[in-house]
């Protein structure tokens, strides 16, 4: 016999935990753009290895750009509640600093939700890729300062620079 | 006619840029473990929303743990030159701080290469997942301090804590 | 010399077997929604382990909801002739029963084809996830009663409740 | 200043919910095999369409076998806490019944964990694939009776037939 | 002759080498179609094995069609700078020749970019699948003549037949 | 009532079509290596665009190498009956020719099956990537001469050079 357990008993726990993909069906398809940035700090030796082109696995900058672009396309497969959308442009840039590299990613789409997560994912995976290629030289690298610096389209709440 | 261009001419450029997946065929299959950590800083309002269980998308901590675990399994699909390996244990923990959450991930495998990249990827994707679930409340969150804190098995070069 | 074999010889076999992704290019992009349900039957011991929170792998309900949502997004990667589409909402619910859990998933999109397969896939993967987390306790679980209970948008042929 | 919140406060909730991939690092690599079965019930019209080879999308049986095999390989990407492993054999069979099809899948590996989830996933995705190909003809199909019928290697607890 | 470019000068090359996903945000969503073709040459023994249905792994033609269709859906996950888009129709055909099989794939979408890459990917993966299934019989197979034969929608530059 | 249809009726069709992943459970784990090659023919204008570094999407050679390496890792996800295995080395090389590029890929693993499919997939996807990046300049490119040139480990049947 299948006795139904009283539902109320679980409501509170359920309400707190119950994950859902927020409904964006009714939101307008507009052009949306977001830019995220991040940094990877490394030793002088690691910096020189990139500049010299002596990294054993190959050029970390090109690899990081490509990894970031591919990750942007795969964002909704990584972030559980992120809506799938077809990005229409992705640009990942790495700028040489004395302490390592500053990374930025700009993503665009025409869709019902924003692309901050795609930009943040591109930056994160680009940084992880640089880490992977340099870890034989420097095991004390650190990745940080990952944040959204610009967002337009849809809601326009300002974000910090 | 297919005239072969002199190869030497391209060697230098080629040598610098030519990416490759480093050969680990001959390396021993040993138990390997790595721990990585990271942090996500957020507003008091965002912190309270997690503690209250009032985040619209559901519980960010459980979702982040799962996203981190799944990302660890998918690491070699994200990081271009990372060797595929079958992880045998993944644990992702988020610890409440006044300023947000400290995240750590420990990964194990029996294989020919280490699992730092898996641990770093788990931490990064867990942090991105928290960001995704809180971004409606706080657009100024920042992810950082992502680094490897422990590594054992295979080569044992110490890493910073 | 490349002699062409008479095509007619294979036509029948070909006609029968030849799979194709049905052309939906000309179909209207409308809001479409589908709900699917299913059940997982388990021992009293397994039911109690979930209620007690004593499942070794963690909370099966949260994990199942997330797995179902992620699977809904990945449906066209699993079902060979299923059209890719960007889901705009997914909700997966598990309701406690004395015999286990009733699972339901509702999926929405704006697109040229329906989302029954996405809803069915979400239910199936959520059930498989519960199974995975409880299998150390109960090896006789059964998953069933998976069916579509509601579908709207596009063609409106009624489905059984 | 980063004041640490007292951890104990969250321990209980944490302990209950905290998902983890169970550590199998120390488990022996042995040959493991599992068989799962399931059923898809459909209308006589749908059954005849398969037998006649008149299904618009092509042959559902071949498609279902392939989808099941591919899904078995992708299991750890679908089931969040499932360990990745390299399957060494997958066989998916569909047997004609008056009411539809009986589906079974047998999976083998040499590894530290069993392959029940791979077998169950193969059966489930094969059934979903049949559903997808017949849904234009029959919207009242039902998938069920999905369970493990045999498991060997590693722990040998009997499962029901 | 390839004179080595002065490295400072490589900045320019670098700027040029910097990969990016070309921005198609502003391009019109129109119906687009592309057809690609290719060939796989094999021994008479391999050809007969397909015709006889004696290939150990099963029917290569059905498997190749399905693999081609699934690959078309996954194109932007394989080709780094390819834009993601939702294909609305895919048809993969294999025509028996005395020397093997001629393969063609036609893909359609409604979107801002063309689908040549999807059609070429479908042909390539269908050919690789035939190769995989016959390689126990013939290790000297060759895949070639992969090219686009028709493209419509968006820009209409003619392509060679 | 569930009347079982006589199985024999379908045996022939079944026997012919029934795909399966061939059982390699009992095969020895040995070091295995395979090399595959291919070519992409293009116009002089396209060749010059690569040499000049004036391709709008960025450097096609680096991108192709990375795409080939990543595809090698993903082979069993593309080729339905291909066994999953963890590659331990992948090297993709593109050599400039007057008519375009010669591509080769060498893959290694320690496992129970060979890696020809991984090498062929790497070559194919590298070629498709070059195509993607040059297609704005040349729509008459052709990909071909894809074949295995060396294979060692496991069975040692010679392949043609």
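Think of it as A, B, C, D, E and F in the order they're written, each chain with its own count starting at 1.
Throughout what follows, a residue touches a chain if its C-beta (ideal position, glycine included) is under 8 Å from a C-beta of that chain, and two chains touch if they have at least 3 such contacts.
Please read all numbers here as calculations on a predicted model, not as lab measurements.
Enquirer: Degrees of rotation, nearest 5, to put the Cα trace of subunit A on subunit D?
Expert: 180
Enquirer: Note whether the interface between subunit A and subunit E is symmetric in residue numbering, meaning over half of all numbers used appear on both sides, and answer same or different.
Expert: different
Enquirer: Work out which of E-F, C-D or A-E repeats the contact pattern of B-D, with more than half of the residue-numbered contact pairs in common.
Expert: A-E
Enquirer: Hey, how far is the Cα centre of subunit B from the one of subunit E, in Å?
Expert: One centre to the other, that is 32 Å.
Enquirer: So what's the Cα centroid distance for subunit C and subunit E, whole Å?
Expert: Distance between chain centres: 29 Å.
Enquirer: When the centre of a chain is set as the mean of its C-alpha atoms, what distance in Å lies between subunit A and subunit B?
Expert: 12
Enquirer: Two or more other chains touching the same residue: where does that happen in subunit D?
Expert: 17-22, 58-59, 62-63, 65-66, 70, 74, 80-81, 86, in rising order.
Enquirer: So in the complex, which bits of subunit F are touching subunit B?
Expert: Of all residues in subunit F, those touching subunit B are 31, 59, 61-62, 65-66, 69-70, 72-74, 86-93, 95-99, 108-110.
Enquirer: Given the complex with subunit B, which residues does subunit C contribute to the contact?
Expert: That would be residues 58-59, 62-63, 65-66, 70 of subunit C.
Enquirer: In the complex formed with subunit A, which residues of subunit B make contact?
Expert: 15-22, 38, 53, 56-59, 62-63, 66-67, 70-71, 74, 78-82, 116-117, 120-121, 124-125, 127-129, 131-133, 135, 139-148, 151, 157-160
Enquirer: Residues of subunit E touching subunit A in their complex?
Expert: Against subunit A, the touching part of subunit E is residues 17-25, 27, 76-77, 80-81, 83-86, 111-112.
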